[in-house]
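Here it is, the structure in full.
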Amino acid sequence: MLVLTVLDYLGTFAFAISGALKAVRREMDIFGLIVLAVVTAIGGGTIRDVMLGLRPFWFTDPNYILLSLLAAFAVFALYRLVSRRETVLMWFDAIGLGAFTVIGASKAMLYGLGFVPTVVLACLTGIGGGIIRDMLAGDVPVVLRKEVYASASILGAMIYWTLGRYGVPTHFSMPATMLLVTAVRLLSVHYGVGLPKAYPARPAPPSA
Amino acid sequence: MLVLTVLDYLGTFAFAISGALKAVRREMDIFGLIVLAVVTAIGGGTIRDVMLGLRPFWFTDPNYILLSLLAAFAVFALYRLVSRRETVLMWFDAIGLGAFTVIGASKAMLYGLGFVPTVVLACLTGIGGGIIRDMLAGDVPVVLRKEVYASASILGAMIYWTLGRYGVPTHFSMPATMLLVTAVRLLSVHYGVGLPKAYPARPAPPSA
Amino acid sequence: MLVLTVLDYLGTFAFAISGALKAVRREMDIFGLIVLAVVTAIGGGTIRDVMLGLRPFWFTDPNYILLSLLAAFAVFALYRLVSRRETVLMWFDAIGLGAFTVIGASKAMLYGLGFVPTVVLACLTGIGGGIIRDMLAGDVPVVLRKEVYASASILGAMIYWTLGRYGVPTHFSMPATMLLVTAVRLLSVHYGVGLPKAYPARPAPPSA
């Protein structure tokens, strides 16, 4: 399916860029940059495939790895051009989040999963790569920051499932849902939107 | 098997509570709280099932996810009531550790694993969720703290295996082993019991 | 195949030693030491087998776990003898890296993977255990440090694949490649060899 493939390559490239950018900020060398780009790009989809009992998607199609390498070299060569904007990393991460959420949901539905596990698997696919990237880089994982992130992915997965149930064709629902997730993520950061929290009753302990 | 199902739901609920409590202390919003509750609750069992070549248990039974959501909402609504006791998180974590150790051992034996891999898989099932929870929350993983934790799980798995070999019926050995693991964990914390260490020959380096 | 088995046991023992040494430095007790030794030793190979759709290698051969226990007890008993040399941990880690890279590449080729996924899987097998070890211990993962590490593994996997394509017998190519990876890693640390980086255009932010 053409739309699916395009989204998949787009998400892979975007997440690879985000991994490579993070590696540069951590002053890693070119190989560390490659490793972080590849792992971020294939992490979420690998978790998804292993859980579905499939071999990881990159076993049979080397393009995903090669695309990640391309992203790594592009960042290596052009870092000075993009580094001035703090938001570049966030943009690529949001694109990857949207694309991989939709692909995760799509593959889960293809293998006959119900609503609840589809949403969970779509969310894991969407947030998996970014979590691995942040944890390898020693940062607080992006899902933990006080921002709309996993919620955008969960929302997108629920909408994608619903659209599918009402017979909306995937060549419309796929890009639409992806754009929605990416937009929700970016707009929430831009406007500083937060969600309700349960504030601790005591002054927050520094570590618990 | 009724006992197994009850233990499984109990462990799921307890670990979900522990994940949600941790998320609240990290001042995460309601969706972050849901993600940490779900991942903590299904993490250990998912590792177990993937290693056994099975699809994760929550693919076919959405109750585990729904139970985790319920736990997340309960913590969100009632946090002020429970937060005064530092020990609440530890209690729920100990219950999850006990329940999941037994379930991991039981499933490993069902699939014909020998003594050593059964103990390892039971321990991974028991400690997996808590490790994922702590690492996502940026804390030192609970297994690393200078306390009886993995040892309680390993001990329980060894005893459960032995009871099974001597024909003790599982409706007795399951709850008994679970209570044992939970009790060993809680008592060791209460009395500050430690295990022998190999002290470094030099003053401990801050990071190595 | 004898060479494969010897390499596998060697890598397992070396990584288990490295995990146990790390645990001692973190002042973990004897069970924490066992857990870190076992997880470091079996982590990379478990990731490899799960991705290949196989049951983890230690399900059927308990020797891997027992060898890890032996390494843990040896470190526990003899820590004072080896702790004076900062480099001991690095040596064992380099041996494990070399052995597991070759085994990962070998198993990937056995299951018919192409060049690119073979290199990725070999690298994941080689660096997986050390990453898990460092992350559980709360350290910066070894791949992230500004040193030749993943690059040695990638290089070795590429050479091993090439030797295989030209019909070089594995009883030569296996130990040769393993020695190469280990030597590249150790020599690069000894001589402080680095690889090119893309330096940030601005003063490096402390956390991004």
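In order of appearance the chains are A, B and C, and numbering begins at 1 in each one.
FYI, contacts are C-beta pairs under 8 Å (C-beta built on N, C-alpha and C of every residue); 3 or more make two chains touch, one makes a residue touch a chain.
Note that this is a predicted model, so its numbers are computed, not measured.
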Same or different residue numbers at the chain A/chain B copy interface, by half rule: different
Copy-to-copy rotation for chain B and chain C - C-alpha atoms, rounded to a multiple of 5°: 120
Distance from chain B to chain A - Cα centre to Cα centre, in angstrom: 28
Residues within chain C bordering two or more other chains: 50, 53, 135
Chain A partner contacts - residues on chain B that touch it in the complex: 22, 24-35, 38, 42, 46, 50, 53-56, 58-60, 62, 65-66, 75-77, 79-80, 83-84, 86, 89, 135-139
Contact set on chain C toward chain A in their complex: 50-53, 113-117, 120, 123, 127, 131, 135, 140-141, 143-144, 146, 148-151, 154, 194-202, 204-205, 207-208
